[in-house]
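One structure is given below, encoded as structure tokens.
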Amino acid sequence: MDLKTLVEKNDTKAGRYFDFFIQFLITLSLIAFSLETLPNKSDELSFWLYIIEVFTVIVFSIEYLLRLFVSDNKLKFIFSFYGLIDLFAILPFYLTSAIDLRSIRIFRLLRLFRAFKLLRYSKALKRFRSAFHMIKEEMIIFLTATIFLIYFASVGIYYFESSVQPDKFSSVFDCMWWAVATLTTVGYGDVFPITAGGKIFTFIILILGLGIIAVPTGLISSALTKCISDEKEEKVSDKLKT
Amino acid sequence: MDLKTLVEKNDTKAGRYFDFFIQFLITLSLIAFSLETLPNKSDELSFWLYIIEVFTVIVFSIEYLLRLFVSDNKLKFIFSFYGLIDLFAILPFYLTSAIDLRSIRIFRLLRLFRAFKLLRYSKALKRFRSAFHMIKEEMIIFLTATIFLIYFASVGIYYFESSVQPDKFSSVFDCMWWAVATLTTVGYGDVFPITAGGKIFTFIILILGLGIIAVPTGLISSALTKCISDEKEEKVSDKLKT
Amino acid sequence: MDLKTLVEKNDTKAGRYFDFFIQFLITLSLIAFSLETLPNKSDELSFWLYIIEVFTVIVFSIEYLLRLFVSDNKLKFIFSFYGLIDLFAILPFYLTSAIDLRSIRIFRLLRLFRAFKLLRYSKALKRFRSAFHMIKEEMIIFLTATIFLIYFASVGIYYFESSVQPDKFSSVFDCMWWAVATLTTVGYGDVFPITAGGKIFTFIILILGLGIIAVPTGLISSALTKCISDEKEEKVSDKLKT
Amino acid sequence: MDLKTLVEKNDTKAGRYFDFFIQFLITLSLIAFSLETLPNKSDELSFWLYIIEVFTVIVFSIEYLLRLFVSDNKLKFIFSFYGLIDLFAILPFYLTSAIDLRSIRIFRLLRLFRAFKLLRYSKALKRFRSAFHMIKEEMIIFLTATIFLIYFASVGIYYFESSVQPDKFSSVFDCMWWAVATLTTVGYGDVFPITAGGKIFTFIILILGLGIIAVPTGLISSALTKCISDEKEEKVSDKLKT
């Protein structure tokens, strides 16, 4: 069994173990990232998080070099989607260690690119991409309609509420936040109309708007459901062949 | 290539550039409108917004005169849907400049008619109109049912809550606002029942009401989805012809 | 044209005018009822509302007597669904005038029975009843499941939150209100978990619960949609016959 | 009629009465459990709740012994799903009476296992289990996607809001609570973004996220609806056979 098969394929037992190990490290790294944001960490926890960070970076670096080594076209790998993801997953560590600790917060966030490393192993997410591709055109039309609707709702509520609640509906942009929170029915309750006109307008825009907002949601849902059933059928037909 | 083809059709290259230019100006104008509502604008921003306003009004005025000039029946154009939209898009500027600056707020809002100018270029929105036409009858029935439901919910909650929260559920009209916010599941949290009876009533009205409210939403969604798939099919059959 | 046809049928012109007049009065009466709940009514408004009330009661009384007069079986009419509705629509007025003004609030609410008078004229609502009949069995199963879910969610959140927020999650019954507001995604924001355990529990219960809650909503929606399309088909086939 | 038929079957009249009696007691016991959590119980209520508790435990104990007595394989019954449920339903009472009253709260909660005793009688819940089995695979995929989405949303909002609202978005874990409340559109209003970036991010994550969250909900709904219609068909075909 050669190195290329181990790293790039997962149809051998060793290849699957290699993949599983990398996936485990990515998940560990993401959990460590979350734990690092905790405000009052004990010194012990900070120490262990640092150990995990160093360890994962070392492994990811080796993985990157291995993948670079086994690839037929080195330059193509470096600038490929997964090549860049793998690079961005380790770069922040070296940069923050090397240069300085300034603007460390942005670099810390770059570590999140590791989450995208999981995409390589995810058949489902590959299907998701094809699902989004399937409904791309409709999504553009309905996103345009949604943005138009939110703009219209924002200007309308601005007309009714801005003079009464100048702090909350101070501009059309503030009103857009209200429109988003209302039309998705999240309704945090930080901004809401208090005039009779604003309330009636909200009712009308909700009755019409919920139908328009429901379309992109429905499109994504049905495309995802379809791609899942396709995957299942394929699996069945694969089994029938063997 | 004559002027009529340039202005009214978009099957020539120049015609498409003309359309694209007007659409760009409409969008620019809408963004400028939003920016103008910002409470603390710098003098520089105000100046540039004024420049944009003057420029767009001049172009829209030329466009209006061009469309009037190339139309076969001048009077019919003036009182047509798009003719009136085009007029209302420029009128507020001339009126506020000419007469006086009083009641400027209403006139500023009239500028929003420019958004409707976009309808001329939007195939999707034309389809939306046909979608709404398709479900007109059902919408009327369900809107009646929705209004009946909201009325019933309002009177019910008035009975339970008005004596305990007289400031929030002071009349059936105030209760209607609660009913709208609750049955659309927005739930801002500005008004909610606190009595046991009011809470149980809310539960019952929600279980029944969500089903009734979901119908208009579903009708709009499915009609819009249908009209989009029709548009796609047409496009395919158009391609097959050529 | 005899009186019986005028009152009971609506296939003559006079019969339709009679129906329309009664429907208009019912609507007027419901609006008047809403206006009466306004806290600071002017004397003039109160006066006009009283005039409307007296006028509608007189007309409804005449209507009741007419319907009683033309019915073949007097006793059967009095104890029929619509006969009782018609009686309850006028009774509160006579009772509050006759006996005393005590407990007037309950009697005022009885006037709402007038809303049900509209049912006689509503083909749609007749269909709604048949829609509910269609899904009766499933509704009972899912309402049981919904109640079980709400009970389970309430006990769960009680376990997590009662010790930390004893005022808001003081008993399982208080927790039920949280469960209703959360599982319908209304989320007023008056009660919400603050412990980590309670928040994780909320996440799990929402993922499972939204699916269960969505079923009754979906059942009502599809039944209503079906009954509307049936009504349309019938209308088309009626037209084809003539 | 032998004892085995009475306890284990419900196709005799006595068997049905026995089942109905046990179901009634379970429901009574669950209501009693809820009432016990009321903060200010009168002594009389406490007394009656204790009587109900003792009575139900005695009956459940007799039922347990009966079931054990009539079972062919005693050991198999004790460690079967329903055998354990029946045991857990009575154990807390004996334990809290025997040992001590410490940590009574946990034991009180164990009494909730009685709710699961209802499962034995519920055909619908048996179907629910088969429904969940039907969609197990898809649920795992979408729950993974949902968790990924919530993680991504949490880290995103942490980046935008943690520096402005350090008390509410203090760590990625706190942000997850925001993500759950927002993506399920519950929107309690205890945490919400206040920065422009955070609000725009919320809009984008909602448009994409609602579609992904809607899939598990839709899967559960359609599986449940399918299993209900299966049940109905079976009932019809059963009737046709007889």
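A, B, C and D label the chains in the order they appear, each numbered from 1.
One rule holds in what follows: a residue touches a chain if its C-beta (ideal position, glycine included) is under 8 Å from a C-beta of that chain, and two chains touch if they have at least 3 such contacts.
Since the model is a prediction, treat every value here as computed from it, not as a measurement.
Between the chain pairs A-C and A-B, more C-beta pairs are in contact across A-B.
Residues touching across the chain A-chain D interface largely differ between the two copies, under half of the numbers being common to both.
For the pair chain C and chain D, the CA-based superposition corresponds to a rotation of 90 degrees in steps of 5. Comparing the centres of all chains, each the average of its CA atoms, the largest separation from chain C belongs to A. Chain A and chain B have centres, each the mean of its CA atoms, that are 31 Å apart. Computed centre separation for the pair chain A/chain C is 44 angstrom, with centres defined by C-alpha atoms.
Contact of a single residue of chain A with at least two other chains is seen at positions 173, 185-189, 218-219. Chain contact topology: the protein chains form a complete graph, every chain touching every other one. The residues of chain A lying in touch with chain B in their complex are 137-138, 141-142, 144-145, 148, 151-152, 154-155, 158-159, 162, 166, 170-173, 182, 185-189, 192, 196, 199, 202-203, 206-208, 210-212, 214-215, 218-219. In the complex of the two chains, the chain C residues touching chain A come out as 185, 187-189. Of all residues in chain C, only 30, 33-34, 37-39, 109, 112, 115, 118, 124-125, 128, 143, 146, 173, 177, 180-181, 184-190, 213, 216-221, 224-225, 228, 232 touch chain B in the complex they form.
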